[in-house]
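Below is one structure; the comments refer to it alone.
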């Protein structure tokens, strides 16, 4: 096998292809083969063992899990390098010709959660329009296209929006009081069709918004940036999502993106070291590089990552 | 000698054997082929088979075994110290193979002798760039032991190939001589070659069985794994499907199974009548010209990628049904629904029903139609009461095929019916199917070893068992109604 | 052909059921029936005889438009049933065939049970009001076709599992069950033993009381036994047509004579 | 059955080609052939007669194992050809059928050209060395089946486009073309006119010089004309078997007598 | 006659006048015919709708916007040492070439005297596709003599410019779009007027490899077409013979017993196995067990073979079953062996059904993505696989994979390309099936 093989998250996929393409163009090595298939599957493949038949790099939109590390270890994949390439912003957007929205996590919680606090008690959610949720919002029927539970984005949405909203509205308190120790009810969504899980991609969400003009969808920042002529983005806590606001941490809903390198393949698979060096170089992952142009929020600590990659430091155990 | 050349030689020998077989058979018959038990062609065929098949088997077996043997020998040559930290012998071996390939390429390009190749070991640093120029990229400099191993690997491979070539050709020749010498006028060459072909047939039908075993084997391990993490009781009896990232998911199969059945049912409800009526019209009423255009046209429907159907469902059919049916009837406001997915999937399935049924209907002998017309039946009565019953087994086959396709379809359901697992009777509500969830759980971002991902295997397994049951029932039903003409 | 003779006969025949004038049938380029004029009387049995391949079946099939089902077949000329042109555009072949039933040369039972085979016609034509009546019709028809005794215990076994002769009788029963006005029978006894043949001939005789029957047969004896009129075909031509007795005793055409006496084939 | 008589005959027959002992044939539960013992002599014509549905075709088909193709059909007992058990496991039914050819009751031409229909057997058995020889065989066979004159101009037209009688003769030609040692003919003349029948009977007579022929027929006259031996079947039993002359003049069994004289069916 | 007396015949009356019952039956007949026509109408209408939407979206992918201009391949930039050493030449990356192109275009704009207010030099850079630099670089590395010359080049324009020419991007949308500016569009207009920017047939769409999200204009189907062709070769070579052979065995030779029932049920059941499960199987058997490479057409072909087998077997069996037994009897009766009967008579008569199975099976195999998902073929592959047989083991994409990938991409320019890919796929399918369709028409007959 001559070419590098990469698999994993479909969120990281576009960035990886951009780098792979440039890499193939400017180096003597063949262009790496980059697969999607999901973070979980990518990490599973990475951990299948050491050898030509296994992939070299797994892209991941979330941090590797202990179970993956255990699987790796049991298959002889002992050293993995964790490379954080930047951040992915998650934005809320609606049809361009629709109303403007300025959300807070609490609005989302009150709109989508199965149980909300009304006058201090937990009741079933009966809000019909956004105006019911928050008087400042337009009186438009609630209809939200959120990522299905297979998506890593959903986890971010759950944590950074729903749970935050749950806390903010006091629902978490109420649940704990009612005996739900970990406030797991925060993540229970209405099942009456106002919140629609999307198992497909952002393109599907976009198409659905096209078909349902009054809906709000959840997108990645880069996707939104490519479709600004169709979508109107909503603010969160008053902040407009952009690479800058996310990099600075002002915009709350974002997550880091990673790739994991099988260290055993370094020095064996031609071009692997060069590829990862190239990926994290300023030319690529820097704030002015093509990745940022495409919508990756550049990692402020990129220099550290570059150093780590150059020295081949494997990742420390998860804490 | 390259494998391609070797195969060509073997096939060439087989062709020669074919000719020899025919010649010899004719000779043996004293020029009067009528004295042969079997046609001369069968004699040729039997020689051909005896020449080619054993030799090909030898090649196949050899090619499977040679790498194992050689690598076992060569890997012994690599110094422990040359295996980098954290790497494995396996990876170093891949380096060995790559270097050996490169050496071959260089040797071929520059007409090097063995000694000159051995001499290259002196300049291992330069070797890397030379190899690079020969199109073999290496990640690092070649270690001495790796170089030696590569040379040995290369030599052994070359020797192995030579040995293989010689033995395969010998086997082929032996087969040729043996089978040619057996040729007698009375030799039952036809029986021999037919038994052989029959063996091939049996082998082919085993492919299907092996596939099933393969599927079960590849599903069962992870399914067991899943049931260790998630109680089988909940999986089989829980009525909710609600996977979560952080565990505590409800993974009951019922909403998915229900969705699968419902969507497939709607799809068949659409596809079977439309397909069957099209088939009847094409084979019984349409002119030859119309038929020869329309039939392939309808078959295009089977070739349109399902994603196109998915988008069609999502953008056109879904909103249409919502605006003109669901909302006016107060049956919901969802643009994705069972009905949407079912209808669109039904379109895709039309050719499965129509094309095959059409062929089968066409195969019903004309005498059946004549018999019915002669009694004063109208064409439609003839079709309904004589032709369809006669064609029933084939039609059921077609419908089963369509049903199978419906159960296995993903994209249309994702876009048409949505991803919400629900137990509802309302066809205008969003639902989802087992297949969709298999795909989405398997390709999701959840960690692999979690029940949320592993459930895909269990779902696959359950679906397999479920459809097996349906098929057994179908088999008995068809058996019962099968009608044989003539 | 001899038009004069035909007109003569048309006068003395009581009632003409089917009349054919200048009928031509082509299979592609093959001119299978040439210029045939014939009047088939009502309430009589007409026999078509002639060497194999002379066009008997072809002509028979053109009498109830069964030729329509052969794409390459073309019929010209005029055939009338009760004075109405059966090739008229307004004529519904279905109705025609209900009136003019047919038993084919090769037995072609449906892949259904024996009962369903016979009940098929009555069912589609709505001849019976209920199951009991239908049972009755089926039994009657099978009895008349001399098959009842052999199949009465296996009415629900498939019709295709019968012996050759049994299938032939099944097809006769099937045709009789619809009570057509004209029954065209293409060699109905070819696979039957003498006794069964006699029974079928009896049936034909019985049918003659009300209907018109046309049978194709290779057995001169049979033609002589059952028919009142006989037509002799040769190479697509109707060579001679007349009273059966006369044809067999005083044939006018030398070809007829040599056929009857067994000299041309 | 009357074993004694059988042994007698076996002695006086010149050469036994096929011999059947205690043959039983079942279609599912239907016992179609009961305990039949028969010796079919070489170079002679044997006729099977009997009422329709009595098992003639069934028995005939069991002589070259054509019954193997009917899934529900089961054959018991022993049938030997030239002393070799044809139901032996080692016997190749293909070879058997090449030796024991068959003409079926319903003509079943291949949906191929007339030429290919006839040439099929010689081709698969390698009976000819070249095209010219094959043409020769095809012509000969068609001539012998009395079909040549009718089809010589359309040898490449489909065999299924022939008339009923022509198809029947085509099937005879097809069977003859492979020159089998035994030819089983199931009502070979049922759709033929007297002249064609005579020609086929001539063919049968000619075949007798070298081969053994078994024919099923409903025509007593035909049986009397062409056969040397006659077997009378009734309800699955072989009632009587003997010299044709004797059977027709001095039947020993009352059932035979009444069948011949036209009293039982 | 007694019967007729009991049931007066209902067919009396004129032939020219239909009696009540006949009229009813004929109405039923007409209705039945109408149902057939309606059914076909529905099928054809669906086809037409789908095809128009695909064609409407996708045809534009076959034309692409190019910028034609003279480019000075400045030796000072491309070969600083001036010795034409390939190793040194390679050190100049695409970024260097990109600058060259921008300079050339700027020069052209100046020469033409086009003035667009507020136009930044980065705007000019963004009008040229990133791919252009790579193409020029490849060309120069392949022919170092070009250095120092001024050559007329036709380079790809950026996707948004292409979109403007195709009506996907407008001045209004550009205002909201961070990837394109109104100034660029104005400039484009001027350049189009002068014939410097224009559309022409997009060979690259058929021959080039896939490109990343930043260069929709450069994305092509070359690798995918090759990959699909390789896979289809494998499928055709394996599934048709194996499927037909298995069907013949099951229909004609196998004893009818429990065991063959089991195989039969088993095959129909395989047809119902979701295609992704075949991917799981392929991953487990061909890649993990047999050690075949990831992303390789051979594995894809094998998986698709297993997936199409049931379809072919089921259709073939149905077709074989429909051949009347009398034909078999006829052949067996003159001493043909079972095998000869099958090959000479049964198969030709069953051929239409078999070919239908092949047509449908291959259509399914050609359009299937899900099983490829797990064996690494749903991937970004830039390098062309070698010629077969070695090429069967090289990574490759496939047409449905390309469609699937492109429909997921963010840049709207990929929408047209995905539809274009579908058109190519359908053409591929038609070409592949023509032989089968023609053959089938020849074999169709009634008997």
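Things worth noting here:
By letter and in written order, the chains are A, B, C, D and E; residue numbering begins at 1 in each of them.
Going forward, contacts are C-beta pairs under 8 Å (C-beta built on N, C-alpha and C of every residue); 3 or more make two chains touch, one makes a residue touch a chain.
These numbers were taken from a predicted model, which means no experiment stands behind them.
Across A-E and C-E, it is A-E that has more C-beta pairs touching.
Farthest chain from subunit D (centres taken as the mean of C-alpha atoms): A. As a whole-number value, the distance joining the C-alpha centres of subunit D and subunit E reads 59 Å. For the pair subunit A and subunit C, the distance between mean C-alpha positions equals 83 Å. Rounded to whole angstrom, the centroid-to-centroid distance between subunit B and subunit C, based on C-alpha atoms, equals 56 Å. For the pair subunit C and subunit D, the distance between mean C-alpha positions equals 29 Å.
Those residues of subunit C in touch with two or more other chains are numbered 94-96, 98-99, 106, 124-125, 180. Within subunit E, contacts with two or more other chains are made by residues 11, 25-26, 29, 325-326, 337-338, 349, 373-374, 407, 447. Counting partner chains per residue, subunit A shows two or more touched chains at residues 1, 28, 30, 36-37, 41, 52.
Applying the touch definition to all chain combinations yields A-B, A-E, B-C, B-D, B-E, C-D, C-E, D-E. The touching residues of subunit D, counted against subunit C in their complex, run 27, 49-53, 57-58, 105-107, 146, 150, 154, 161-166, 168-169, 186-187, 190-199, 218, 220, 259, 262-265. On the side of subunit E, the complex with subunit D involves touching residues 256, 325-338, 340, 344-345, 349, 445, 447. Interface of subunit B with subunit E (complex): residues 4, 190-191, 194, 197-198, 200-205, 207-209, 211-212, 214-215, 217-219, 273-278, 280-282, 285-286, 292, 294, 296-309, 311-312, 316, 347, 350-352, 354-356, 358-360, 362-366, 376, 378-381, 383-384, 391, 393-394, 397-398, 400-401, 403-405, 407-411, 434-435, 438-439, 442-443, 457, 460, 463-464, 467-468, 470-472, 474-475, 484-486. Residues of subunit C that touch subunit B in their complex: 64, 66, 69, 93-99, 101-104, 106, 108-112, 120-121, 124-125, 158, 160, 171, 174-175, 178, 180.
For subunit B in complex with subunit A, the residues that touch the partner chain are 84, 86-88, 90-92, 94-95, 98, 132, 136-140, 242-246, 248, 311, 314-315, 318-319, 332-336, 414-415, 418-420, 422, 429-430, 432, 436, 440-450, 452-453.
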